[in-house]
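Next, two complexes with subunit A in common: one pairs it with subunit B, the other with subunit C.
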Partner chain A sequence: MSTARRIENSILTILTIVGAALWIFPLYWAFVTSIRSEDRVVSEQAGLIPDEFNLASYIDVLFNTRLLNWYMNSIVTSVIITVVVIVSGMMCAYALSQMRFPGRRLLYGVVLASFMVPTQALVVTQFILMNSLGFINTWAGIILPQLIVPVVIIVYKQFFDAVPKEMREAVVLDGGGEYTLLFKVYLPLNWGITTALAIITFIMAWNQFLWPFLVVTTEDMMTIPVGITQVNDAFGVFYARLMSVALLGAMPVALAYLVFQRRVTEAVMISSGVKG
Partner chain B sequence: MATHYNRRKHLAIAFSLVAPFVFFFCLVFLWPAIRVVELSFTNGPLIGEGEWVGLENYRRILTDNLFYTSLKNNGYFILLTVVPTTVLALTIALLVNRLSGRLQAAMLALFFLPYILPVSVVTMIWTWMLDFQFGILQPAFAFFTGKPVPVFKDPYWVMPMVAVVTIWWTNGFNVLLFIAGLRNVPQELYEAAALDGANSRQQFRRVTWPLLWPVTALVLTLQLILQLKIFDQVYLMSEGGPFNSSYVLLLMVYREAFQLNHGGYASAIALVLFVVIMVVSVLQFQVLKVRGAR
Partner chain C sequence: MSGVTLHNVRKSFGAVEVIKDVSLEIGKGEFGVFVGPSGCGKSTLLRMIAGLEETSSGSIGIEERDVTRVEPAERGVAMVFQSYALYPHLTVFENMAFSLRLARAAKSKVQEMVAEAARILQLEDHLHKKPSQLSGGQRQRVAIGRAIVRQPKVFLFDEPLSNLDAELRVQMRLELARLHKRIGATMIYVTHDQVEAMTLADKIFVLRDGVVQQAGRPIELYDDPDNRFVGGFIGSPAMNFLPGHAAGAGDGRVGISLTNAGGAAIEAQLAGGRPPHGTELTAGIRPEHIEVSGEGIPVQVEMVEDLGGVSYLHTRTQDGTEIVVERRGTRDNLDGASIHLGARPEHVLVFDRGGQRLR
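Right after this comes the complex of A and B.
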């Protein structure tokens, strides 16, 4: 490699690192703010480097807001949504991929079409429905409209279609039924994509704002993304506390991403169709 | 007889497998979809009965100034986000893709991380950074405009800043799609191009770009649809203000339905938004396909 080429490469690498550092700066700044005292945050001397390790605002938001309630609501609803979406999607995709029944083509067409429909256009009547079912301010109300994730079915169908037919025949000869095939053969063969889809479904459910914001009106039933906006109203401009509550709210998904980084990137690529 | 029995059993199993999804689908998707059409022809409140008014709601939309303001703002927001985020994401993807091993994984993680944050976390952080009195970005505004700017209370700055925040939040997703696209380009093509004496710029124009075009089309389409549906960031940062300068269609649906109790009118606006999204996505998809085929 020529010297010019090598210099160009180093410059580009440094540029990338500087760019990434700038990109992540807002999170860094939120963290630095969160470990300062409120006085320090707005003082003239507050520099870019953490100069204080003050957890007062974290303790304050943990005990003086409904944060623990919101965690509970977010965890319960996101876990239930993830389990139901994955299991019902997998079952439906299996039938679409491996079985013949009347209405199969229509059902797949509906799945593909609903993938295109913006659910935001349905929030008004979904709200009316949840109201008539008595589900306003309940976990059921938060969960139900989030159970339709067509892309899970589309991805599962692709993966089930690719399973070799011989795997099937061996089980059928042993007298195994369709449920045995799905849970003992097709699912174990596709654990990778199942975890990937589950993680991304969980993150999306956790981050959902519009629907929980509409269906919940009492503070104790709010999820994290809706609840933490209340802290703003309660505290006014107390930025150390606001940044503490924001970072605490983001922590579960940030951890899920950092632990399962490769699965998350894989799931994003597969579910948007750039990698199969 | 046996085959008849087996056939029925087969069908029963198939239906039991699709039943959970079909049940939820009919309950929270199909039924609300039918109801929203029905409701849009009535003057009903959010909860309760209304009277059939035919096309009155749609006629009202066409004479509602706020509707045109919202539509214009949606369009402006698209101009501010779709192409910039695509160009930025492609640049970042090309830079990150050059790297290898842990450094690449680390850089990708840093660029992607904001995407997995809840929207309110994003808006809280940026509201702090842009705070009129104490925001760390205010010196930059002071440098360029001579004084600090209350960005979310300024009709000129509000949309560009919501766009900046949105791009910061969602760009990682686009970077990832481009990285996937770049990884799908066969390495042999670069080797062949290098043997023919192509420099890196020629390699990009002749090899990378033509093969990356389908991903670019995908990113543009997804972004366009996504940005048409903008609500969360606008609501949290400016609530549509000041003077409706960041009012968008979905915010209008929310206001009409949940604050002004106009279920029928809100349904009609929601349906118009729905039609706009469908038309735009079909049109854009066709246009991009034609250009990509050349």
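Right after this comes the complex of A and C.
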């Protein structure tokens, strides 16, 4: 390696480290804050280096808030959203990609169009709808509007379109119908993208704030991101506790990310149109 | 008993008719080959027999049963695709067992039939592997194995050797011929390679623009083509065509004065009526029937391909018509030489202006 190349590499490495440090600092700060006492957090002596290891805020949020409830709500709603979105998206994409029926193109146009409407624009009508259905403060109320994820259909359709036609014909000649085609051939062939889409849908559902914040008003039914807002109450902001809840809330997603890192990156790239 | 029968079959895609009134019959246990240039409709015809394409009109019968409107899986056919179409996520065993499992066959029967197919195709050591771990030839064998376990009435092959290298093609061709002998089922094979057609077929169907040009045993088509297209398509190197017009005749023969050969003429045998003087004709002569002689068509040898046992002279007449000559058992170096070519009248085929054969 030439000297110039080595210097270039060193500069790039330093820049990357600086970038990583900038990115990780808020997380680090949240952690340092969460292990301090509330008094210490707001005192002038609080520096960058952790100077105490106080788990009081963690104990407090675990036992004095509805954190476990929020966990439960987040897990149940996110898992149901993930399963329903993936299964329905896959079936819809399969039909659009492989079956010939009148109105197919129009239907796909509708899917594409729905992709272009921001969810924020719909919250008022969705709220009114959920209210008339009596779904305010229920899991159903949190879940239903989040089941519309057109990007899953679009990505699946692209992948199904790419399966060679002969594969389908071989199954037809072997005596298989649409069920066999989808679940025994198309799905296993696209297992990679299925896990990727499932993980990203789960993360999106877990992090969803606006809609659950609107549709849930009782503390019992809140999901974690909404629950965090409850930690500052009439007594002011409790920074240490706030950060503890935030870190605990982010943990499942962070774990999922660490385990499925490659798949998640793949899914983000595909669904943002970089690849696919 | 017939294996596959087609009666006045037609197929249109929109306004374009790709199969035009095809009627043919392949006997039970026969090896039929559809051959023709790309776009001639041979694959479409095969896919219609498989049921993968709907038949616009006419009827298709398999062993005396009309299957024109029958679902592909119920027709008793199995197809081997050019791309193999193996299920990449399944092992060789699972690939071959797929159709049996779909039909809910007993576990022991699945085991037994896959094992038998694997034995025939020498795949026993690869049953646990995924297709991606196999070579091209092995994948092709798995595709054939998948067809065998279904015990179909008719095997359909859609250019199955096109993706293999030259050596493997020859080897697989022999294996297919052996397989046919062994299981004796009706087989239909589509190819654009006339060598494959000649070596495998009991009966060849030469197609062009959705019409069967001629059907018959390979050697019949080679020796006695019905038209210029068949004559040119079957045989390698291709038949030489020399344009000319009828000039003089006698004793079951017609003289053809060649247009582009410096006024040279050639005689052809004709049993039927002789065409009137001056009629436009084309003489067709196979490379192995052209002799280097003292007199005849004057040509210049442009290039010699020496293959050892056989050599091909690529020659050209003064007016630019190319004539290929096959020579055996000689080591004369004729590269660049000016020579004369001739052929015996019984080896000269005559085609009319429309390309139809005159006999």
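In this text, the second predicted complex is superposed on the first by the 266 of 276 C-alpha atoms of A that agree within 3 Å, B and C clash if a C-alpha of one lies under 4 Å from a C-alpha of the other, contacts with A are read in each partner's own complex, and residues count from 1 in each chain.
In the analysis below, a residue touches a chain if its C-beta (ideal position, glycine included) is under 8 Å from a C-beta of that chain, and two chains touch if they have at least 3 such contacts.
No experiment lies behind these values; they were computed from the predicted model shown.
Engineer: Once the shared chain is lined up, is A:V264 touching subunit B (first), subunit C (second), both, or neither of them?
Structural biologist: In the superposition, A:V264 contacts subunit B only.
Engineer: Which partner does A:P164 reach: the first (subunit B), the second (subunit C), both, or neither?
Structural biologist: In the superposition, A:P164 touches subunit C alone.
Engineer: Can you tell me whether subunit B or subunit C touches more residues on subunit A?
Structural biologist: Comparing touch counts on subunit A for subunit B and subunit C gives B.
Engineer: Of the partners subunit B and subunit C, which touch A:D174 in the superposed model: first, second, both, neither?
Structural biologist: second
Engineer: Touching A:V76, do we find subunit B (first), subunit C (second), both, or neither?
Structural biologist: neither
Engineer: With both complexes superposed on chain A, which partner does A:L189 reach: first (subunit B), second (subunit C), both or neither?
Structural biologist: Second partner only.
Engineer: Quick check on the output: what are the common subunit A residues between the subunit B footprint and the subunit C footprint?
Structural biologist: No residue of subunit A touches both subunit B and subunit C.
Engineer: What residues on subunit C touch subunit A, complex-wise?
Structural biologist: These residues of subunit C touch subunit A: 50-52, 72-73, 77-79, 81-83, 85, 87-89, 98-99, 102-103, 146, 150.
Engineer: Within the complex, which stretch of subunit A touches subunit B?
Structural biologist: Touching subunit B: residues 9, 12-13, 15-17, 19-21, 23-24, 26-27, 29-30, 33, 41-42, 84, 87-89, 91-92, 94-96, 99-102, 104, 107, 110, 114, 116-129, 131, 144-145, 147-148, 153, 177-179, 182, 203, 206-207, 209-210, 214, 224-226, 228-229, 232, 237, 239, 242-243, 245-247, 249-250, 253-254, 256-258, 261, 264-265, 268-269, 272-275 of subunit A.
Engineer: Of all residues in subunit A, which touch subunit C in the complex?
Structural biologist: Residues 164, 166-167, 169-170, 172-176, 180, 185, 188-189, 191 of subunit A touch subunit C in their complex.
Engineer: With touch defined as at the start, can you tell me which subunit B residues reach subunit A in the complex?
Structural biologist: Listed in rising order, the residues of subunit B that touch subunit A are 10-11, 13-15, 17-18, 20-22, 24-25, 27-29, 31-33, 35-36, 39, 46-47, 92, 95-96, 98-99, 103, 105-114, 116-121, 124-126, 128-129, 131, 133-134, 136, 168, 173, 176-177, 180-181, 184, 215, 218, 222, 225, 228-229, 231-232, 236, 250, 253-254, 257-258, 263, 266-267, 270-271, 273-274, 277-278, 281.
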